[in-house]
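Here's the structure, in C-alpha cells; my notes come after.
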Amino acid sequence: MEMLEVLVEMFEMFKSNMVNIPLIQPVIDALMNIPIVNYIVALVLWKPFFAIAILPGLGGIMIVLLLMVYWERKLTARIQWRVGPLEVFRPLRGLIQPLADGFRYFFQEVIVHVDSHRPYFVQLPILTFIPVLLPILFIPAGEIVAIRSSYAIQIIVALIALIPITIIAIGWASNSRFAYIGSVREAMMYFAYEVPFVIAVLAMILMYGSGDPYVIVEKQSVPGVIMNPIAFLVFFIATLMATSRLPFEIPEADQEIAFGPFVEYSGILFGIVMTLAYEKLYIMCLLMSILFFGGWNGISIPLLGDLSPAIWLFVKAVVVMLIVALARSIYPRFRLDQALKLGWTSMLLISLVSLALAIVIRLSGWLG
Amino acid sequence: MEAIYKWSVELPKRIHKAKYFGNLEAEVIDKGLCSHCGTCAAICPVDGIIVEDKPIEFPNWKRDCVNCGACVRVCPRWDYKPLNGIGEYIEVLSAKSKRFKGQDGAMVTEIMASALEMGVIDRAVFVGRDENWKPVTAIVKDVEQLLEETIRGTKYSFADVMPRIKELIKDYKVGVVGTPCMMSGVRRLQKESEIFENIKLAIGLFCTENFYHWQLHEFLLKEKNVDMKDAVKTDIKKGKFIVKLRDGSKVSFPVKEFDPIIPSGCEVCQDFSAVESDVSVGSVGSKGGYSSLIVRQENAKEILDYIFEKGYAERGDMSIDAVQKLCDFKIKIHPYPPKH
Amino acid sequence: MKEISIDVPVEPPAELKPLFIPIPPEYVEDAYKKDEYLVLVGPQHPGSGHMRIIVRVDGDVIVDAIPDPGYVHRSMEKLAENRLYIQNIPLFERPAIMDNANFNLGYIRAIEEALDIEVPERAKYLRMIMAELCRIGTHLYDAAILAVFIGHTTGFMYPFAIRELICECLVKMTGVRFTSSFIIPGGIRRDADNSVLDFVKKATFEIERRLKNFEKIFIKNPATIARLKDVGVLSKEEAIKYGVVGPFLRASGVEYDVRKVEGYEAYDELDWEIVVADEGDGYSRFLVRVNEINQSLNIIRQAIGRIPEGDVISQDLFENVNANTKNPKDIRGAFYDLFANLKLPLGETTTLTEAARGLLLYTIISDGESNVPYRVRIVSPGWLYLRGFMESLRGERLADLQAIYGSFGYFPPEADR
Amino acid sequence: MKVEKVEIDPISRIIGHINAISVGVKQAIKPERITVEYPRERRKLPDNFRGLILFEKDRCISCFRCAFICPANAIQMELYDNYYPSIDYSKCILCHFCVDSCPTTALKQTKIHDVAFRDLDEMVVHTDEMINPPKLVREDKITVEYKIDRELILERRKEVENLIVDVEPVERIGYHSACVNPQNCIGCALCARVCPANAISVKTEDEKRVLSIDVDKCTGCGLCVRECPTKTLSLVEVV
C-alpha cells in the first residue's frame, strides 16, 4: 500500500511547485483532473523537471542543435556566394537538413575497427554527455531551476573543464595515428584557454560579489558586458577555443589530421560526438548570457508567466551562438603554437586586467 | 599532267581460265621457270605474293587476287626469252674502294654510298645477314649504316629485296643491288608503271646461280660439315667455292658439287653479267682485291666519275674476255629449252 | 638541454613494411632509433594531393621530407609516341587542366618551330589572351587550394566563383570551359568576334572588383598572415640551387620570366612588369601570384585594345594541300586535310613556355618519316620545383606542411605527367 | 615590380580583423551569389558550345575523315548502304576534331552536355541514333545568362533555350578525283572497289581494262587517292 502513498505524496510535491503559464492554464487545469494524465502533467510541469527536460535543458538543446547547424551552414553559404543546403525540403529551402543528417547518422552502421580499445571506443562518446549536460542542472532561468545553489557558476565552470578530458580519452581509444595527434592537440588547446577562461569568470563573480546566478542577474541593472567588456572579450575568445570553432579549429583540423580525435567514428557514435561541440557551445552561451547579458531579465510577458524569463535567457544564448557562427567563414585556422602563445600571453594578460577592473568596480561599491 | 577521266591498261594474254596469278603459277612457277626474283611481289597491289625461303606463293589467291594482271606483265620469266652474253656497255674497268672493305673491291657498297652522297638516291635496299648467314634485307639511309660489317659481302642465297622496294617507291628515289633476274625484273617494272622510274640505280652482280638458304645451309652442314655460324667469308674463285672460318681454316670445293641443289629457275638462266643493269659488278676478270665493273648506263657513268674524282677508289684495268668466257660457259651449261 | 637517447631496441611499426615506400629500411630503423617517427602524408589525404610525402618528424618539427610522386603518372610521353602530332594536343592539355592554353601553346610552338610556320598577328594576340586567362584561372585555383588547406573555406569559394567568370570567357571564345584544344599549328581554330572580346574585357574589371573582397577577407586577414609569414622560407641561393621555377623563384628574389626572356607570341609588344618579392616565404609566394593576376589582367586589357584584324590560320598551311575549305578565319571542314598527315622534318625542337606554375619544357624529336613523333619530352613546372618544395619543409612544423604545400601550389597530376 | 612589404604591427592587425569581419557581414546581408540552381535553371551557353554530336546522313560522303582524326578512337564506321560514323561516348572527349574535319558539315555540335547513359554498351551511339537528338527531359524553366556591364548580373529569363543549334554548312571547294598519270596505273581497280559513291567503273574491252571516273557521282572524298598503290589518281578542284 505504501507505494500508493509515496505516489500521492510525490504528486502533491509536483503540484505544489508547478510552472504556471497563464496562456495554457485552462488546458492544464482540464488535464489535471483526468486521473492518470494529471500525474504526467504534474511531473512535466514540475519546475526542476521542466528546467532539465524542456526549456534551458534538453528541449533547448534540441532546438539549438537543429537551428544552429542549419543556420551555420546557410550563413557560411551566404557569405561564400553560394546557397547551402537546399534540396532536402525545397519549399523551406533545406530547413530540415540537420534532421536529415541526424537521421542518417542514426541508421549508419557503427564501425569499430579492430585495433581500437573496443569498450572505451563505444562508451566514451556517451560518457561525454555527463560533463556536458550536468551544468544544465545549475543553470536557472527565472523561477525554473533544477538545483538552486549559490555556487552555481563555479560548479558550471568546473564541469565544463571536465569535457576536454573525455575528448582526449576518445582520441586515445581510437588508437589511430591521426586520433592520437588530435587528442594531443586537444590537451594543448585545453591548457591554452582554461586559465584565462577561469580568470575571466572569477572576475565576473568577484564583481557581482557572489556565484549565485540570482544575485548576479539582479545586480545586472546594467548588462555585465558594459561593466567589464574585457572579461567578455576573453570569455568570447575562450568559447571559440573551447568549442574549437574556426580560428582555433586545431584539434579537428580536417585538412591536416582529418577530424582529429573523432576520425575513426561512424554512425550514431559520430552523431553524438558531432553534437557534443554544439552542446558545449550552448552551455557556454547560456553562461555568457547569465554573466554578461543579464540572464533572464527582460520585459516579462504576462501571458507566459514563468516561461518568459526562460525564453529571454534562451533567446540571448541563441543570439550569441548565431554571432559565433560568423567566425567560421571569416578566419583561417591558427597554428597550435600560435594559439598557445595567444592563450598564455595576451589572453592571460587581458584576463588579469579584467580581474583588476572587477576588483575596482567591487570596491567602488557601484553594485552594492 | 592534265586530268583525264578515262584510261585503260593493257591486259596480258590469259592462257588458263583462272585468275592471272593462277596463270602465272601454272605457266612459270609450276614449270620451274621461276627465278625467285620477287618482282611480282613488288607490283602486287594487295601484297598477297610472299617471297620467303621457299618457292613464291600467294596463299588463297583464288579469293584475294584482284586479277589485275600486273604480276604477269612484270614477270621476266613469262614467255621467257633468255638473255645472254656481255650486252652493250659504255666502258669496262676494275676498281678498289678505299673507304670500304667488302667481297672483293667493295665497289657495290662504294657506288651505293656515293649515289647516296650525290643525292641520286635517298634510300638503298641492301642485303645483310644474321648470325647463320640467312640474308636479311636492310634499308640504308645514310653512309654510316654501310660501315656495319654484316651488310657488305655476297650472301649467295635468295633475299626478298624487291618487295621492300614497294614500301619506298612512293616517297623516295631508290637504289637496288641484285642478281641479273632482278635487274630484268626492275626494267619490266619500269616499263609497267612510271612510278618505278623512282628506281634511279640498279647494280647487277655477276651470277652463275643462286640457292635457297636452307638448302645451301643444309648442304654445307651435311656434305661439308661446315656450320655457317662460324663462317667469316664465303667466295667463289676460279670455279671453287671457298669458306673462310673463324678459326682461320678454309674449306674449298669445286662449284660443280652444288649441282643437285641448284633451283630449277637458275638452270634455265643464261644471263651471267646482268645485261639489263646500270652497272654490273663481279670478281671475274680483275686481279685480287679488285672488283670488275661493266658500266652500261649514263647514270652509273656519272657516279663512277664522281667516285674517281673524289678519289674514293683506285682504278685498275680489267680483261673483258674472262667475263666473255664465263658468259659462254653459262650459255653452255644452262641451255634453253632445258634438256630434260 | 642535451637530449638523452637510451638505446632501446626499436623496430619500426609493421604497417610500414607492406607499403612500398621508396626509402631504404636502414633509414626507417635509424629514424625510429633516434625516437623520431615517420608520418606518411598522402597519397590519399585531405591535406595533400595524390602524392605521398614521407615526413620524418622529431616531435612537431619536420626533420626530413621525402616525396613519393608518381601516383597519377599517366606516361604521357609514351602515349604521345603512338598518336598523330595533332592528336597529341588533347593529351598534352591534361596535366594541368586549368592551365591548358599554356600547355597547349608550348607543344604547338614546338611544332611550328620545326615546320617554321608563320602565325598571323591576330592569332598570336588571341592565343596570348587565352594563355593569360588560363594563368589567372590557375593562380585562383591554387589560391583556393591554399585557403582550404589552412582552413579558410570562404577563401576557397571566392576564387572558384571568380574562376567561373574565366570559364565563361573561355566558353564564349572556344566553346568549352577549359580543355579547349583550341590552339593548332598555325593559329587557332576559330576567330573570336568583337562581342566576345569586349565581354572578356568587362570580365577583367569584374574579376578585379571581386578580388577586392577576396583580398580583404583572406589575403590581408591577420590570421592568414600569421599562418603564412616566415613559413617555408627559401632564400635566393637555395631557390636557385634547387631549381625552383616560376612565381616561386620570383618570390625568392630572382627576376626571371620566360615570357620576357623568350618574348613568344606578342608578349614583347605589350608593357607589363615581372612581379618579384624577396622574402621567399609562403606569404610572399602567395602575394607574387596575386600580383601576377593583376599583371595578367592588364595584359589582357592591352591585348584586347591593340588586337589587329586579319585571319587566324596561317597561309603556309594551305599551300601544297587540297583542303576542303580555304577560309583563314575558321578551320571547320579543313582540319583533317591540313593536319592529318603532318610530318615534322628529322631533328629535335625544344621550346620553353611560362606556364602558370613556372617553366614548361617541350622537346619533340621526329625521325622525319613517320607522322607520329619519335619522342616527346615534357617537363612540367611541378616536377622542377618539387625538390625546392621538399627542402623548404625542413625545419618547419608538421602543421605547416599544408600551408607550405598550398603556398607552392603543388599539383600532382601536372608534376607526374 | 616589387611586392610591397607587409607590416605586422598591432594597428594593422586590428584593421585587418575589422576589414575581414566587415566583408563577412556585408556579404551575409547582400551576397553576390553566382550559384545557378541547375536542374530548375539552365545556364545559357554560346552557340559554338561543344556538346553532343548530331549527324546528317544525306550530307555524309563517308570519307572516313572523322574516324581517322579522332584522338580517342571513339568513332567507328558502320556499314549501312554506305559507311557512316557511330560514336562511342565512353571514349569520346568532345574535342570536336571530327566536327571540324567533316568537309560537308554532316557532323554538327549541339548544346546538350548533360547526357546520361544506363550502361556502357548503350554509350555506343550508332548512326541512326545520332540523327535526331536524344529524348530530353527538360526540368528547367529559367535560363540564366552571365551579363556584365558595371558588374556581373545573372540575368534570369523565363524561357527554355533550344539546345539544338542550326549550323550553316561550310561552303566547300568542290573536288573530284581524276587520273593524273595514267601510265602509272596497273589496272588493279582497288580505287573502284573502295569508292563509296561507286563513281569509278571498270570494264574490260578487247584485251584492255578500261577505268572511267563519273565526275558528277564523285564526291571528292579522297579514299581512292589514298588507296591507289601507284599514285595514279589525285583530287582535282572542280573549276
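The letters A, B, C and D name the chains in turn, as written, and every chain counts its residues from 1.
Convention: a contact is a pair of C-beta atoms (placed from the backbone, for glycine too) under 8 Å apart; a residue touches a chain by one contact, two chains touch by 3 or more.
Please read these numbers as outputs of a predicted model, since none were measured by experiment.
Chemist: Which contact partners do chain B and chain D have in common?
Modeler: none
Chemist: Taking the touch definition from the top, what connected groups remain once chain D is excluded?
Modeler: Once chain D is set aside, the chains that still touch form these groups: A, C | B.
Chemist: Which chain is in the middle, if each chain's centre is the mean of its C-alpha atoms?
Modeler: C
Chemist: From the C-alpha centres, identify the chain that is farthest from chain B.
Modeler: Here the answer is chain A, farthest from chain B.
Chemist: Going by the touch criterion at the top, tell me which pair is linked by more C-beta contacts: C-D or A-C.
Modeler: C-D
Chemist: So what's the Cα centroid distance for chain A and chain B, whole Å?
Modeler: 101
Chemist: Measure off the straight-line distance from the CA centroid of chain B to the CA centroid of chain C, and report it in whole Å.
Modeler: One centre to the other, that is 59 Å.
Chemist: Using mean CA coordinates as chain centres, what's the gap between chain C and chain D in Å?
Modeler: The answer is 28 Å.
Chemist: Between chain A and chain C, what distance separates the C-alpha centroids? Give it in angstrom.
Modeler: Taking the mean C-alpha position of each chain, the two centres sit 47 Å apart.
Chemist: At least two other chains touched by the same residue of chain A: list those residues.
Modeler: Touching at least two other chains: 79-82, 329-331.
Chemist: In chain B, which residues are in touch with two or more of the other chains?
Modeler: Correct list: empty.
Chemist: Where in chain D do residues touch at least two different other chains?
Modeler: As it turns out, chain D has residues touching two or more other chains at 20, 23-24, 27, 32, 34.
Chemist: For this assembly, give the contact graph shape among line, ring, star, complete and other.
Modeler: Chain contacts: none of line, ring, star or complete; other.
Chemist: Just spell out which pairs of chains touch, all of them.
Modeler: Between chains, contact exists in these pairs: A-C, A-D, B-D, C-D.
Chemist: List the residues on chain D that touch chain A in their complex, please.
Modeler: 20-21, 23-25, 27-28, 31-35, 37
Chemist: Would you pull the chain B residues touching chain D in the complex into a rising list?
Modeler: It is residues 1-11, 13, 43, 45-46, 66, 68-70, 73, 166, 170, 192-195 of chain B that touch chain D.
Chemist: Across the complex, what residues on chain D touch chain C?
Modeler: 1-3, 6, 8, 13, 16-17, 19-20, 22-24, 27, 32, 34, 45-46, 48-50, 65-66, 68-72, 93-97, 99-105, 109, 146, 148-149, 151-152, 170-173, 175, 220, 235, 237
Chemist: Sort out for me which residues of chain A touch chain D in the complex.
Modeler: Touching chain D from chain A are residues 75, 78-83, 86, 326, 329-331.
Chemist: Looking at the complex, which residues from chain A come into contact with chain C?
Modeler: Residue list for chain A touching chain C: 76, 79-82, 177, 246-247, 249-250, 253-256, 258, 328-338.
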